[in-house]
Amino acid sequence: MLSPTDRAPLAIDARGVRRVYKAKPKPVVALDGVDLQVEPGELFGLLGPNGAGKTTLIKILTTLLLPTEGSASVYGFDVARDTRQLRRIMNIVSGGEQSGYGLLFVREQLWMFSQFYGLGRSEGWTRVDELIEAVGLTEQATQKVSSLSTGQRQKLNLARGLLNDPWILFLDEPTLGLDVSAARGVRELVEGWQRAVPGRTILLTSHYMAEVDQLCDRLAIVDHGRILAIGTPDELKKRVQSESIFRLEIDRLDGELSAIGRLPGVLSAVTPAASDLDHDADRQTVVLKLTLEHDAALGGVVAELGRRGSSIVALQKSEPTLEDVFVELVGRGFAESERNGDERPAEPDQVEDDALVERR
Amino acid sequence: MSVGTVADAAQRTRRQGLADSWRGFRTAARLGWQTEANWTDPVLFGIYSVAKPVGAALILVFMVDIIAAGNADPALRAFVVTGSALWSFVIAGIAGLATSILDDRERYRTLKYLYVSPNSLLLLLLGRGMARVSIGAFGAVITLIIGVLFLGVPFDLARVDWGLTLIAMTLGLLGVLSLGLVLAAITVQLRQDAWNYPEAVAGALFLIVGAVFPLLVLPALVQWLGLAMPLTWWLEGVRQGLFPGSLSSIGGQGAVYTELTGSAAPGSAEIVLMLAVTTAAMLALAAVTFRWSEHSAREKGVFDMITGS
Amino acid sequence: MSVYVHRRTHSPQQAARWSPRRVLTTNLRSIYGRAYPRMIGARREPSWVFFEIALPFLTTSAFVFVYRALQAPPEYVGFVVLGGAMTAFWLNILWMMAAQLYWERDQGNLELYFSAPISMMSILFGMALGGLFMSSTRAAVVLLVGALIYNVVFTVDQWLLLLLVFFLTMGALYGLGMVLASFFLLWGREAWHLSQGLQEPVYFVSGLNFPVARLGFLGVLAVSTIPLAVGLDAMRQLVFAGSEHVAPLLPAWAEAGILLIMAALFIGLARWMLRVIERLARVEGKLTMKGT
C-alpha cells in the first residue's frame, strides 16, 4: 500500500526486459534488454518496423507472455505475478482483430465481453449502447459482426477495449489495414477518450510515423528488439535537425540577401538554385531558404522583409520525419529494414507452433 | 491474330488447363497431408490412425461375444469387423472434404483465396480430402489385419476375389467422395460448429447400409433406402471379395432383396452393376448440390465468413 | 461524467482492488456471458436439430439393431439407449468445452479471455453450459424416443440416488473436461487429433453399449478412472433395477462415492493444471496466435 509520501507508480516500468523464443535453427531474440518508463496519463508510442518487437512487448505488458529476463510492472503491478489485479485495470485492442463470434450482433458481442469484466446484466446493455453511440456504430448495432466493414470492425474492437473503463489501454497497431477515413476516425476516438478521461494511459504501437507523430506525447523508436531512442516527437526530430528550416516565397527582394543572413538567429539565408525551384513563368517570386537557430528568429526576418517592402506569398517549414530519425539511428529506412526480414527477430506470429516448425 | 493461331492458343490453354488442374490437385493433396499428418511423430500418428477404427471394431466384437456368451459365430465376427473396419474409410472420406471447408474458412482463412484462384474448388477439395481418405484406408487395413490375427476373422488369401474387391473399392471410393462432396457443399452454408456433422451423417448411414448388421433386421422401407445407397453395395462387394461366401448384408430370409429377386444373396455381377448405378446417381447428386451451394455461397458471401460460438 | 467513465475510481490501485464478492459475481457473469453466443448461435442456425439430434439418434439406433440382429435380451437395447443418451453429455464436454480452446486461440479470443479478470474455468464452464441445451435435448430425444420406439422398459426404484449419480457424473465429467482443456491449451493440434482418435476406445472401455464388467480387468480400470464408465455402470443398475443382465462392478452407492471423489479430484486438478499450464503457455508464447 502506498504511503502519502510515496510517488505514484509509473504506468509502465520495464527494466532489462528480454524475450527469447525457442526456434530452429537458432533461438530468436524478440526483445533484447528493453528499459521503458511511461508516466500515468501519457499517450506513449512504440514506433518501429515489422518484427521490431513492439507486439512482443505489448504481450508481456498485458500478461500474455512472460519475459525471459528482466522485470516489468504496470501501475506497480508486476506483469508476471500480479496478473489478476492488472487484468482488472487494463485492456488491449489490436489492429486487424477478428475476435468474437460472427453470428452475434454488434450489441450482443459487446455485451458478452461486458460480462467478462463483471458488469451487471442491464448495466452491461446500458454501457454497450453508450459506447456504440460514442464510437459511431449506432446504425450497425443490430448487424451481425461478420458483416461489418474493416473500419466498423475496428470501432467495435475499440468499444470492446473501453468497456471496462481501463486505466491503461494497449493499442497494438490499431489502424492496421484501415483506409484513410477509418484510420482518422479511430485516431479521433483515441484522442477523444484520452481527453474525456484524463489520467488514463495509452501505449500505442505502430509503424505509421504520421500517426505516432500526431498522437503521441512521447515515443520510443524500436528495432531489433531494442529501444534506440525515446523522447517527444520534436525532441527526436531535433536529433536529426536542430535548426528550423523555412522556405519563404516573397514577391520581390530589394537589397542584399547577405544582410538577411546576418540577422539575429539566422544561420543562413540563400536562394535555391534555379533547378531546385518549380518554374512558373507567370509567377515573379523569389524563394528564400532560411536556416534559423530557432523558430522565433523568423519574426526578425519577416520584419526585415516587410521593412524592404516585400510581401510573403508562401511560407513552409521543412521538418524531418520520424523516418529520418530512424535512418539517422539505424542507418536505413523502415522499408529497407522490413525487406531485410531474415536478419530480424520474428514476432510471435512467425514463431508459433514449435511442433509445426520442427516437422516442416 | 489468325484463326489458326487462336485455335492453337486455345489448344495450348486447354492442355495447360489440364496440367494446372493436376498441379492444383497435387498441391492440395500435399497440403492436406501436411495439415493432417504433421502434428506428431510417426509412431503416435500410427497409433492415432489405428486406435479409432480398432476401438470401434472392439465395441462390436464384444457386443457379439457377450450375447453369444463367448461362442460367437466366426462369420458374424467377420461381418462386424469388416463392416466396422471399412466404416473408418467412410468417415474419413466424407469428413475429410467437409472439415477442409471449415478449416480453410475459419482457421486458416484461405478459402476465399482458393476459390478465386484459377483452379477448380472441387478439385482442390478432393485433393485436400485425399489425406484423410488415405489415413482412413490405412486404419481400415490395419483393423482388418488385427481382425484376422486376433479377433478370429477367417481369411483365406487364395480365395480372395481380387477383381471384385478392386472394382468395389474403386467405385466405392467414388461413392464415398461423392457423399463427401454433398456434405462439403452443405457445410459451406453452415457455421463453424458444423465440423462434427459429417461424423453424425456417417453415424446415421451406419444404420441403413448393412455395415454391422444385415439389412433384413430393418423395416422394409428402411431397407429400400439402404439398397439405394452405393455404400450398401460397396460393403457387400468388399465383403464378398475378401471373404467369398460370407454372410450377406443385403440378402437373407425376410430381406427386401430376397423377396424381390428370390436369391439369398446378390452375385458379383449384380453387386458391381448396382454399385455402379448407385454411385453414378450419387455423383450426379454431388454435382448438383455442389453447384447449388457454390451459387448460394456467392450470393450470401459466405466464403470468408467467420462464425463460431 | 463522461460516457467513457464507468465507475469513478481515484486510482488504478483502487480500481484493481476487488472484493471476493465482486470476483465471484464476475466469474458467474462470465459463465453466462460465454454461454450466450452458443445459445444465440443455436437459435440463429437451427441445423443442429438435424445434425446433433436426429442423426445421432440414428447412430444409437444402429447399435440397437445390432443387438436385435443378435437376438439379444431386450435389456441390452436399453443399455444402448442409455449409453447413447449419456454420449451426448460426454461429447458436449469434450468438443464444446475442452477442444474449443483450440479454436478460440486461432480466432484471437483466447488472448482476450486471458487478459480479462476472470478464471478460465468460468469460460470453460460457460462453453459447456451453452452447449448443454443442445446436448440435453439430444439425450432426452435418444432416451424418450428410443424407449418409445424400441419398447425399452425402465425400472427405477431409487430416484434420488439416480439423480445424485447423474449429477455427480456430470460434475466429474466437467472436471475431467477442464483437465483436458488444459492439455488442449498446451498441445493444440496434437490434443485435438488424439481426442478424435481415442473417442471410440473411450466408448469401448466406458461400456457405452454393454456392462463394463464384461471387460474384466479393463473394466475395473475404467471404473476407477473414467467418470463415464462409473456413471453408466451405476445408472444401469438404477434404471434397470432387478435385471440380471446389468452385471454391475460395484453397488450403485459405492459408485456414487467414487464419482464424488472423482468430481472433487478432477475439479481441483483442473484448477491447478489450468494455472500451471497457463503459466507454461505464457512462458512458451502459446496463448496467442495471430490468425491474420
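When the chains are written out, they are named A, B and C in that same order, and each has its own residue count from 1.
One rule holds in what follows: a residue touches a chain if its C-beta (ideal position, glycine included) is under 8 Å from a C-beta of that chain, and two chains touch if they have at least 3 such contacts.
From a predicted model like this one, the values you see are computed outputs, not experimental measurements.
Student: Report the chain whose CA-based centre is farthest from the CA-based centre of subunit C.
Tutor: The chain lying farthest from subunit C is A.
Student: If you average all the Cα positions, which chain's own average lands nearest?
Tutor: Of all chains shown, the one whose C-alpha centroid lies nearest the global centroid is C.
Student: Could you compare the number of C-beta pairs in contact for A-C with that for A-B and name the larger?
Tutor: A-C
Student: Mind checking the centre-to-centre distance between subunit B and subunit C? Centres are C-alpha means, answer in whole Å.
Tutor: Taking the average C-alpha coordinate of subunit B and of subunit C, the gap between them is 29 Å.
Student: At what distance in angstrom does the C-alpha mean of subunit C lie from that of subunit A?
Tutor: 46
Student: So what's the Cα centroid distance for subunit A and subunit B, whole Å?
Tutor: So the centre of subunit A lies 54 Å away from the centre of subunit B.
Student: Could you list which residues of subunit A touch at least two other chains?
Tutor: Answer for subunit A, listing residues that touch two or more other chains: 98, 101, 103, 355.
Student: On subunit B, where are the residues touching two or more other chains?
Tutor: 39-40, 191, 306-309
Student: Do you know which subunit C residues sit against two or more other chains?
Tutor: Those would be 37, 40-41, 45, 107, 189-190, 291-292.
Student: Inside the complex, what are the residues of subunit B that reach subunit C?
Tutor: 39-40, 44, 47-49, 51-56, 58-60, 62-64, 66-68, 76, 80, 106-107, 109, 190-194, 196-197, 200-201, 203-204, 206-208, 211-214, 217-218, 306-309
Student: Inside the complex, what are the residues of subunit A that reach subunit B?
Tutor: These residues of subunit A touch subunit B: 98, 101-103, 146, 355-356, 359-360.
Student: In the complex formed with subunit A, which residues of subunit C make contact?
Tutor: Residues of subunit C touching subunit A: 2-7, 11-13, 15-18, 22, 25-26, 29-30, 32-34, 36-37, 40-41, 44-45, 107-109, 111-118, 188-190, 279, 282-292.
Student: State the interface residues of subunit B toward subunit A in the complex, per the touch definition above.
Tutor: It comes out as residues 34, 38-40, 191, 305-309.
Student: Within the complex, which stretch of subunit A touches subunit C?
Tutor: It is residues 2, 8-9, 21-22, 40, 59, 62-66, 75-77, 84-92, 94, 96-101, 103-104, 108-109, 111-121, 127, 130-131, 133-134, 160, 162-165, 167-168, 193, 196-197, 348-349, 351-355 of subunit A that touch subunit C.
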